[in-house]
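Across the two complexes that follow, chain A remains constant while its partner is chain B and subsequently chain C.
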Partner chain A sequence: MSNRALLEQLDRTTEMLSNSLTQLVKYSSILSEEESGAAQREMADSIASVSSEGVAMINTQTMQLIKGIQDLLVMTRSIREKWLLSQVPEKKESEQQEVDYEKCSQMLNSWVNQIVGNSDC
Partner chain B sequence: MPQPKYVQERIESLNSIDRQLTSSLLHASQAVAALAELKRGEEMKHQFEMHARNFYQGLEEATVSLRNEIKFLDDNVGTRLLPINVNKKASDQDDDKLREQLTLLEKELS
Partner chain C sequence: MLTEGQKGDAKECSSPFKGISLALDPNLINLVPSGATTVPESENELDKQEEVEVANAPSQSLINNPYEMFEKMPLSRLIPIILRNRGPNFKFADLTEDALLKEISGENNEQTIEKDADGDYKMGSESIDELKGREESLQPLRVDENSLTDESESVSQDQFQQLKKNVIQSINMALNESSLSLEFVSLLLSSVRPAAATASMSPYLKKTVPAASLNAEKIPLKRSTRSEVISSRITHKGWKLRSLEESRLLLKETYHSLERSIEKEHDYWSKICQYISNKDVVFKMKDRDTGERSLGIKYGYEDSGSTYKQDRGIAILRHDSKMNKLELVPFEKSQSAVHINKRNNEKFLRVRIFTKIEEEDDYILTGESCLDSVLATSEDSTQEVDIRHQISKLKFFIFDQELMYQLKRESETLISYGVSIENENKIVAEFPSEKIEIEMLQLDDDIIMNHQQDAPKTNDKKANLILTMLRLLLVIMYKKQMRQRLLSPPSSKRTHSKSSKTRSSSKDASDTSILLLRPIMGKIRHQSYLDLLKKLTKDFILDAVKDSKLTVISGNERSNSDISNTDSDIHITKLNKEIGMFDEILRMPRSEISVDLNEKGKIKLVLESSNFCNAVIKVTYVNGTAKALFDTKFSDFKELEEFLHFIINEYVV
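After this line comes the complex of A and B, so read on.
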């Protein structure tokens, strides 16, 4: 279920990333055309509004591009965390544990004997 | 703590995806820089094309590998990984501590 959400997010982000460079190029060319057209018309107000709009759009698209890559990096990080933090422990450890318990009781017994022996003296 | 080989492979592959993503961002920035130069009338068209192509290529490779990684994650839930919604307690730490104490006891006894 969670993986399906990851796939959807990946699709959305990829689409947004591939669009944002196209949009960036598109807005920058609109900007240059509008600038040259406006320069011919010599209308200072429209130049200011068109260029500021263009700059704002370019800024937005650039931010989207960076944000999209960041989102994908966060996704790889979360997958890495899943691999590292939610592993099923391997069976070897449980086998080792049983041997440990037997050895533990033996050692504890001998240790208790040693201490009791020492305290008696 | 050393990880199993399969997990190591997955982490290596995720690292390479990270590298691809960052390099495609670099190509995007270079493409935009070339575009800015293009507007000043310099012959940067070729460079712009190259960087844009590299950006899309890098993005494609990274997203395809990322999709595969999500699939691997999906396949291994239940065998190598716990189901995602379960909160795992750090139960291994108890055993580690126990083993540490046992080796200490062994040293004391010998």
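After this line comes the complex of A and C, so read on.
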């Protein structure tokens, strides 16, 4: 996913989060009931509608909140993957050591001598 | 503009009703510059007062003009004021109606806005006349509408017909609706006043529905009592509370689970950050066991030039949340098999050297390669096993696996030289005085525990050296493969894989290029051949010819041809250099023995090999006069023996 797409997704998710949080807060306010008296009373007439609608609303908003947070987590995961697959920082000690060719050939020669010398006996 | 003019006219008409019939609109008075004033002699004290008032507000707007003041004024006072406003040389006799009308029409255009405001100001107390004026002002709008319809008439005939149709439809609908409502009301009335109702009823309704069959009754609106309102509010609130509580629980639950997963992720990534460097081959892959998204790491040597395909060397980086550590799980096609025997792949190579006991025709173990430090440490230790260690272990195992695989392939061709594959995991190379056993062993706890307890043996070092050299030679094979890949363009590679024929031929080439055991065996065998050759020359030449000298030149002149061609690619030059370093080992062994027979000439014996393991002896005899008499090759020592015998007897002695 490109940086731009990630940023766009971030925007979308935060928007969604704030929206559902606002909905929840609005719903939880008790004051609103007093203010819009008549309409509220009419609504209050049917307990069934209050219970089902309220619960459903709260539930969907809550699920949206959760989903948003999960989306954010998934995003961090993909950002991390992106980092790992593209730009892991160099480790300093991993610098290539120059091979000492002279020494190596000397060691190889001594290897030959060891093997051959031993087989003499 | 037209409407404004009409409005103004209407107002002018209204003014005579109010007071004195003045033809002059008093609003016009201050339009004339009021700076110069000519006061007639006849004015008295009151006039003076009036003058002061007017002078106080010389540019006073006419809107605020005290209408009544001027109207109620006697003419004897008003005329001087008019004269004063008109200018110095103005005579009242000159003031004609025509001139005034002209002035008014000229000023009206300028004063429309003011008059507008005037009209609005008076709106609160509109007289009937003014209303009339307003109605008049609406008229032009109607005119505009007419003009619009005139325009729409210019549309095409079809459109007109369409519009007509729509209008007729709408009228019909309205008619229908109204008659329906009439029927409804009539029916409703029929119970109370049958005579009146039936009169307005349609015959159809009368026929189908009996009279007084529709009734209406007033239903009293039941006002809910205060207690009911309160209780319903309480229930409302109760439900609110309950749903909020549920939401809270849900949020809390998910919060906890998410927090756990965040912690897990954090651990995972911090460990990856700690242990994974940019030298590791990391890629995304799906964990088949858990179904989670995961990361794979490649520990196989494919990218380093390995052609081993039995095990791709891929592992999944899995996070063990219980142990809080990162775990590498080798990725295999048969996952279940791995689970049954997790250490299935944990095999390592061991080299053992057995020395022959001459008299008993039996071997005793004289050397054994020791366990690699990677395996020896921390296999069972409970301290944190970091991922790097796991990676290096897996690398070790896959490397030894490939080494064994390649050794077996190489050994298949070496049966005639004493190399036999005893079983799947064991290769034995026999030499005259000893035998070397290369074995693939399962790594188990016993081996790890006991690896240091064995008493050191004489050939331990040699066994280790052989094992190390085998590994080094595999690395050289990798490097050669890499060089091949770099040198051959990718397009040719594609054609290779396409046609199976070329593929098999390249496979053959790779078969012959396996150089692991042969260079080592070659060295050992060559040494024993050389010993044998020396013994022969000693027996047949040195002992037979007096004053003869023997010189041995081991090895041979360096052929620098490989290194000298410098490539532009630094990687290839580097590889060339590194491969060239092993030329000493990988070259076919060659030794020269030259025997100086003084004035009788020279015998030169060159010991060579065509495939590391066999022996080819080139014999050259040059006599005293520097003439080459013999130049032959032998691969059998018996024949050589006879030949040497023949030369010495025939030419030297």
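What we mean here is this: the second predicted complex is superposed on the first by the 69 of 121 C-alpha atoms of A that agree within 3 Å, B and C clash if a C-alpha of one lies under 4 Å from a C-alpha of the other, contacts with A are read in each partner's own complex, and residues count from 1 in each chain.
As a working rule, contacts are C-beta pairs under 8 Å (C-beta built on N, C-alpha and C of every residue); 3 or more make two chains touch, one makes a residue touch a chain.
Worth saying up front: this structure is predicted, and the values here are computed from it rather than measured.
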item	value
Touching partner for A:73 - first (chain B), second (chain C), both, neither	both
Which superposed partner A:84 touches (first chain B, second chain C, both, neither)	both
First, second, both or neither for A:104, with chain B first and chain C second	both
Touching partner for A:65 - first (chain B), second (chain C), both, neither	both
Touched partner set for A:24, first chain B, second chain C, both or neither	both
Partner chain(s) touched by A:10 [first = chain B, second = chain C, both, neither]	first
Partner chain in contact with A:115 - chain B first, chain C second, else both or neither	second
Common ground on chain A, meaning residues reached by chain C in one complex and by chain B in the other	24, 28, 62, 65-66, 69, 73, 76, 80, 84-85, 88-90, 104, 108, 111, 114
Residue ranges of chain A in contact with chain C within the complex	24, 27-28, 30, 33, 40-41, 43-45, 47, 50-51, 54-55, 57-59, 61-63, 65-66, 69-70, 73, 76-77, 80-81, 84-85, 88-91, 94, 99, 101, 104-105, 108-109, 111-112, 114-116, 118-121
Touching residues (chain side chain B, partner chain A) in the complex	3-4, 7, 10-11, 14, 17-18, 21-22, 24-25, 28, 31-32, 35-36, 39, 52, 55-56, 59, 62-63, 66-67, 69-70, 73-74, 77, 79-82, 84-86, 88, 91-92, 95, 98-99, 102, 105-106, 108-109
Residues of chain A that touch chain B when the two form their complex	1-3, 6-7, 10, 14, 17-18, 21, 24-25, 28, 32, 62, 65-66, 69, 72-73, 75-76, 79-80, 82-90, 93, 97, 100, 103-104, 107-108, 110-111, 114
Residue numbers on chain C that touch chain A, as the complex places them	224, 229, 232-233, 235-237, 239-240, 242-244, 246-247, 250-251, 254, 258, 261-262, 265, 269, 272, 276-279, 282-284, 293, 295, 431, 433-434, 459, 461-462, 465-466, 469, 520, 523-524, 527-528, 531, 577-578, 581-582, 584-585
